Structures are given as C-alpha cells and as structure tokens.
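Multiple structures are listed underneath, in structure tokens.
In what follows, chain A forms one complex with chain B and a second complex with chain C.
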Partner chain A sequence: MTQVAAIALNTFRETVRDRVLTVIALFALLMIVAGLWLGSISLEQGGRMMKDFGLVAVTAFGVIIAAFIAATLVRKEVEKRTVFVLFSKPVSRGGFVVGKFLGLAATLGVVVGGMGLFLFLMTLAVGGGASGMVLVATALIYLQVLTVVAVVVFFSTITSAILSSMLGLGVFVAGQLSHNVLSLSRIGAGAVTEAASWVVFVLIPNFSAVDVKAAAVGEQTVDWGAVALWGVYLVAYMTVALIGAAFVMRRKEF
Partner chain B sequence: MRRALVALLAVACVALVVGYQVTRPEQAAGKPRVFVPSASFFEDFSPAFRTSIADAYYLYLVQYYGEHIKTDQRLDSVPDLVTLITDLSPRFVKAYQFGTFALLDAGEPGAAYELLKRGAEANRDDYHVPALAGFLVYAFGQGEDKLQIAADWYARAAAVEGAPAYLGRLAATLTAKGGEREKAALMWAQVYADGDKYSREKAVAALDELLPADPAERAAGLAALREAMPAERFDMLRDDLGVGG
Partner chain C sequence: MTPITTSTPPLASLRAVTKTVVTGLRRRRVTILKGVDLTVGRGDVVGLVGPNGAGKTTTVKVLLGLMRPTTGEVDLAVEGLGDVGYLPENPYFYDYLSGREFLAFCGRLFGMGGRAAEERATELLADVGLTDAAGVHLRKYSKGMLQRIGIAQALVNDPQLVLLDEPMTGLDPIGRLEVKGIIQRLHDQGRTVLFNSHILADVEELCTGIAVMKAGRIVWAGTVERALAESPDGLEPFFMRVVGGDGASAPEATP
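Right after this comes the complex of A and B.
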C-alpha cells in the first residue's frame, strides 16, 4: 500500500511539473475567458454561453491532457528502464499500474478541478446565475477523464504511446456514440453483426448516458439516481481497465 | 548586421500579413438559404452536447439575422434554425424570444405563434413565453376574438409563480373598451420590459410612433407605461425615447 502511495505521489509530482500540462491548462483557461466574447455577441446570454462552452472546453482539454500524459506514464518507465529499478523492489506490477493511475488522477483533479472552479468564478463574475451545477458537471467530467486515463493506461501496456493516445481519444468519441452501436445491433443485418455490435456496445464506455451540462444551463433537472448509477458504472469500468493493464504488465518480461 | 536583417525580415512579414488582411474586400452577405441539419441528427450523434450545439446555432442565428436584415432582408433559413435550436434546447427561453422576432421579420407570423405555443408548453414555469404570445396575438393576430386570446395568454403568464403583477393588469386592459393606441403602447412596453437588445429596439421604434409628438403629452403617455415594467427598465425606456425625467 505504501509503495502504491509512493508511486502515486511521485507520478503526481512528475506530471504536475510537466510544461505541456501547464501550456494546455493555460490554453483551456483562455478558452473559458473567450466565453466572455461569445457572451457579448449572444444578446445577453453571456452566462449561459460561458457555462455551456466552458464545460465543453473543460471536457475537451481534460480528455486531451488525459490521453497524452497517460500514454507516456507506463511507457516512459519502460523505455527509460527505470521500471527495472522499481520492480527490483517489493512493488507488484498491479501496484505500479494503480500507483501511476492514482498519481495522474491527482494531477488531473488539480487541473480539471481548477478549470471548473475558474469557470464557476467566471460565471459568477459575468452574472449569468452561477450555479453549483457547474461544479457538479465538472466532477462528472473528471470521472469521464479518469475513465479515459484508465483506458489509455491499458492501451499503453500493449502498444506505443502515440497509438495509445489516439486509441484513448477514439474511445472517448466512441463513448459519446455508444447508443448508436446498440441501434446497429438491432438492425438485424445478421446474427454475427448483431452479436459483434452488442459486444462493442458493452466494451465502449457509455459517456452519453448522463448530460449534466444541460442541467447546468437550466435545460433539465438532474436525476440524481441516474447520475449516481452512472458514476458507479464509470468507476467499475476504469477498475476493469486497470485490472486489464495490471494483467498485461504481469505477463511482460523485463 | 545579421540581427538587423532578421528584424527587417520580421517587419516585412508582419506588414505583409497585416496588409493582406486589411486590404481584403469586405465579405458579402452569405447565402440566405443555408443547410440546417435536423435536431434528431445531433440528438443521435452527440446527445451529451445538445445544449452546446443549440448554443452554437443560436450564436449563428444571431449573426445570420444581423447580416441579412441589414443587407438583402432575406431570412429564408430562420424557421429551420429556430426549430433546430428550440428542439435541441426546449428550455432556452431567449431563443423563443429572439426567434419570434426573427420569424416576424422573415414574414412568418404563423410560425412565430406556433413556436411560442411550443415554448409555452415546454416552459410552464416561465412567464416570458406566454406573455410574448399575448403580445404576438394582439399585434399580429386577426379575427374578432384576438383581444380575448391575447388576454388569455397574458392571464396565463400572470398565473405563473413569480410573474410580475403588471401582466395581470395587461390582461384586464386588453379586454376593456377603447384606447387602442394606449393598449398598443402598453403591449410594446411589455415587450421592452422583457426583451433582448433587438426586441427593445423594435419596441422603442413602435413606441416612438405610438406616443404623442407633443412633449408634455408624450411624457404623460410614457408615464402611463410605468406600471408595465420594472422601475429600472422604465428609466432605460425614458432615456431611449429621449423623454426627460
């Protein structure tokens, strides 16, 4: 347990110092500020525009950061051969994967949480009726981002860093469309196609089941039961992805 | 020497970049008919981003309206755009308000009324949409019972929790006999009270015509509108009409 915590802390320190992270985070903050300009051309709808486009910016940049940094987490240790030093100590391969994940999760907590808080304060300043829903939406975006991290960590154990990033981004996009895959499975083009579509539907994380952004702009009320269930689903999904990554790591020869 | 050359090259490139942009001819208005996908397309492909897409199209509608109303006056795609936005975001009240006036300018009062009926159904806890429907029926409706229908809409708006008291008075005024100019002024004043920038501009133009030209009578006519809006909006209207306090 202490080894996992040590790896997590070290990963946090390492990633939070990453210049790329700072640049992307600053760019995301700039995008949120750009919402002010959008507000000015929206006929007094600045608050709504800022919340809506701000949350899109938090999602997009959170996922980009997750995909590109998570892909290098495990691979960098392998390529630099620092993993040999680590595994010469009493550190399990599963503990290594979980530690890396938790470290990046902490970094992303700071980045995504910071962006969400900044957006909340901006909407408060613009006077668009800043609601706590912006913070709730940010928390759920964070869960999605962590799921992407888990998926990318899994891919990074079996393929290159750049391909892992691309696959991670692809999974995020596919997750927005997962319900369409289910529709495909019902078209009835053949038993094999149906079965394959169903398998893909189950494999792809369902990112579109809950839309808290709509609640943040007053479009709908939140079904907290559905949100909680979706949160549990995402946590279970990332756990499965991390177990998969640990399993692949165990079978690797170093 | 080398530094000076680099600096000169940089200045020349900056001049080229700026010069290229500032000498470009002003862009002509875009085509009046644009491709507008259906709401179900976006609901299928990005359900978690439907309000963001609605907002993006709302900004596009504002830009499209502003561009065409000033140039060719062709607003062919306004009905499709308004339908898309309100289908994706049925509780976007401002979209109904702006959409109504844009549809009126597009020569589609019937579509504007249908839009407000849908909006009122989707926003039963909001008084702006039924109040605007009351105005629309009063100002653009036809038939003998239009005043009663308009009054019913105002009464419906007044019944919404948190609705301002003047909406109930407007409903009563509409069904009272006589004073057509005063009634019209009151209805436009309500549009001014609830509207966005474009609606306010239209209301000011209408009130400018409806109120008497004589300064004293104009001030008296304006004072009668005080009850149709919050105090700060009334002060704004007084300034917009150039009537001294």
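Right after this comes the complex of A and C.
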C-alpha cells in the first residue's frame, strides 16, 4: 500500500505542477463566469442558465483534462524510461496502474470539485436559486470523469497517447447516447439486433443514467435508486478497465 | 557457468540465459543473449564489459526482471528487489521533483515511512555531494548531477546487490572520483556490485572480477588479477584480444 500511495502522491504532484492543467482549469472557471453573462441576457432564466452552462463546462473540461492527462500517465513513464526506476524496486505492475489512477483521481477531485464549488458559490452570490443539487451533479460528473480516466489508462497501455485520448473521448460521447441504442433496438428490429444492442449497451458505460444536470436546473425529477445502481455499474466498469491495464502492464518488458 | 571468483558464495547467477525479441514491422526475431552463463559472488565488484550491442544492458535487465529470459535461469540470492539497487543507463527522472523529493519518493517505494524516507534522502544527498541542490527541480540538474542522483536512488534501500549501468557516463573528473569513492565504499561494506562500463581503467581500479561480453555471450570471466596475469600490459590489450581485435559485434538475426 505504501508503494501505491507513493505513486499516487507523485502523480498528484506531477499533474498539479503541470502548467497546462492550470491554464485549462482557469479557462474552465472563465467559462463558468461567462455563464453569469449568459444568464444576464436571458429573460428571467438567469440562475437556471448559469447552472446549466456551468455544469456543462464542468463536464466538458473535466473530461478533456481526464482524457488528455490520463493518456500520458503511463506512456510517459515508459517513453521517458522512468519505469526502470519504478520496476527495479518492489513495485507491482498492478500497484503502478492503481497508483497512477488514484493520483490523477485526486487531481481531478481538486479541479472538478473546485469548479463545482465555484459554480455553487456563484449561484449563491447572484441569488439564482442555489441548491445542493449543483454539488450532487458535480459529484456525479466526477464519477463519469473517473470512468473516462480508467478507460483511457487501459487504452494507453496498448496504444499511443493521442489514440488513447481519442478513444476515451469517443467512449464518453457514446456513453451519453448508449441508452438510445437500446431504445432503437426495441423498434421491432429482431432478436439478434436486440441482443447485439444489449451487448453494446453493457460494453459502453451509460453516462446519461448518472447525469442529473437537468434535475439540478429544475427540469426533471431523479430516480435516485437507478442513479445509485448505475453508479455502482460505473465503479465496476472502471475496476475492470484498471484490471485490464494491470494485466497488459504485467506482460510488458522494458 | 562462468564464476568470477571461487572464494565467495554466489549472490547472482544466470544459467544458459537467452533472450530473443521481436522487432520492427516485419516482426524480425533478434537474439540478444545467446546463452549467458555468469555467477557473481557475494561481496564481489564485477565489471561487465563488452562492445556496444554485446548484450550488457539486457543482461542486467534480465537480472532485474525488467525483461524475461526466453530460456535459461536467473537466481538472485537476495530477498527480492527490496535488496537490489539499480542505476539505468542515461537515467531520466521526474523533472518536476526536487532531488530531495525524488529520493524520498524512492524511499517510500521501498516501504519507508515519510520521515525515514526524508532522513535517508538527506543522507544520500550528502553522500553524492548534492546537498546544495536538494531543493532544485531535477529538470535544472546537469547530466553529471542526474547521474549522481541516479546512484543515490540506487542506494536508497541500502541494497546487498547494486547494478550500475554505465555509472561514469557524463561525469566530470570530480564526479567520477566521487562515484568511484561510492563504489569503493560499497565494496568495503561487503556489498556486491555489478557495473557495465566501457572504461577499462575504472574496471581495473575498482573491480575484483571482470566479465567480457561479445555478441550475446560471456566470452571471458574471472578475476581482474587473472586477466592482468594473462595481459601484464593492462586490461585494454587483454580486452582487444578477448573480443577479437576490432571489438565490433551486433546481435545476430535468426530466421
């Protein structure tokens, strides 16, 4: 455990000291502030507009940071040969993967959590009907972002950094739409198509099932039981992705 | 098996180790190690020498488990990697960490607690003459300073077996003297050291044993004393004779 914690702390240091992250995070905050301006020009919808725009910004920037930083986490260690230092010490390949994941998870916790808190405080400040739902929505965005990290870490053990990022973003977009695959299959497409749709539905993480942005702006009610169930599914999904990454790393030679 | 010395029990040994890798788009199979037999005795300081491409680095990586042997056996009479230190060739470390942070990080990888790792880092920084640069980020270190911090990280766990891949590379005369002092100190403490080098004078000065590699095989191994007895003019003519004059060798491709 000490080794995993050491790698996680080192990864946290690495990512928070990366200037690119600072620039992206500042830009994300600017976008949230821009939501204030959008709110001011919308008729009696200011608070709602700001929350809606802000939560979209939190999601977009969280996922972008996750996809691009996670892709380089493992690859950079291999390409710059720092893995020689790590794997010549009593560090397991699985511990390495988990440590890297936890380190980036901590960084993203700070970034996504910070953005969510900033949005919450802004809604409080402008009196746009601030609610704890903004924070709940942020927590569920964080869960989605972590799933993207696990997926990208897995891809980065078998392919290039840029392709891993693209695949991660692809999985995120597909995950927003995966429930549609199931809906389409029910329109009289036959048993085979329906079975295939189920396979696709299970393989692609269903991000839309834990997306409560609409509820946060007051447009929908939430079935919390279903959200909890899909949340557990996402945790299992990222666990499987990390086990896959550890398995690939175990087979690698340096 | 080729023992370096007969007076000490073996600490590390390779028996008939081969290593074949698949490389390039055409999936060409290249055999890097072609049956390496080598035994390093406890407390020995052994210089592994040979022309470029002879398989020295691969031999060390196989010993560490960074590469798996295709055939053959590897034995380390130590308690796993927790008792081994390793300096890679042309080391690159985390440039966003300071020297102190990096060494403390390495200490924690060996299971040390935070304070113990910090204290060990301080000790080692003094040992390699980097106390003044302890807080400086590694990206600002010169090549020689990186080499010294690399040696320090190889010693974090106070290992029984120290594997150094080209430890003198990039060092100025003062740095070389310091590294030689460290290797000598390790020898005095009874540690076992295996280091790859092209600098035969260093091997002659520091080592008790020498193993010469050529084209994936150990072609000569024994004590430095014996090598010098065979070649009183020094290790350079001895090396040229053993590797066959031009010293050129490259891994052979197999169909």
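Annotations
The working rule: the second predicted complex is superposed on the first by the 236 of 254 C-alpha atoms of A that agree within 3 Å, B and C clash if a C-alpha of one lies under 4 Å from a C-alpha of the other, contacts with A are read in each partner's own complex, and residues count from 1 in each chain.
Criterion: a residue touches a chain if its C-beta (ideal position, glycine included) is under 8 Å from a C-beta of that chain, and two chains touch if they have at least 3 such contacts.
The structure presented is a predicted model; accordingly, all values stated were derived computationally and were not measured.
In the three-chain model built by superposing on chain A, chain B fits alongside chain C with no clash. Shared-chain residue A:56: touches chain B; no touch with chain C.
With chain A as the corner point and C-alpha centres for all three chains, the angle toward chain B and chain C works out to 160 degrees, nearest 10. Of the two partner chains placed around the shared chain by superposition, chain C is the only one that A:86 touches, whereas chain B remains out of contact. In the superposed pair of complexes, A:179 makes contact with chain B only, with no contact to chain C.
In the superposition on chain A, A:243 makes contact with neither chain B nor chain C.
By the document's definition of touching, of the two partners only chain B reaches A:217; chain C does not. Taking all C-alpha atoms of chain B against all those of chain C in the superposed arrangement, the shortest distance found is 32 Å. Common to the chain B and chain C interfaces on chain A is no residue. Those residues of chain A that touch chain C in the complex are listed here as 2-3, 5-7, 9-10, 13-14, 17-18, 80-82, 84-91, 253-254. Those residues of chain C that touch chain A in the shared complex are 21, 61, 64-68, 80-82, 84, 86, 88, 91-94, 96-97, 101, 105-106, 108-113, 153, 157, 163. In the complex of the two chains, the chain B residues touching chain A come out as 44-52, 55, 58-59, 62-63, 89-92, 94, 98, 196-198. On the chain A side of its complex with chain B, the touching residues are 38, 41-45, 48-49, 52-53, 55-56, 176-177, 179-180, 207-208, 210-211, 213-214, 217-220.
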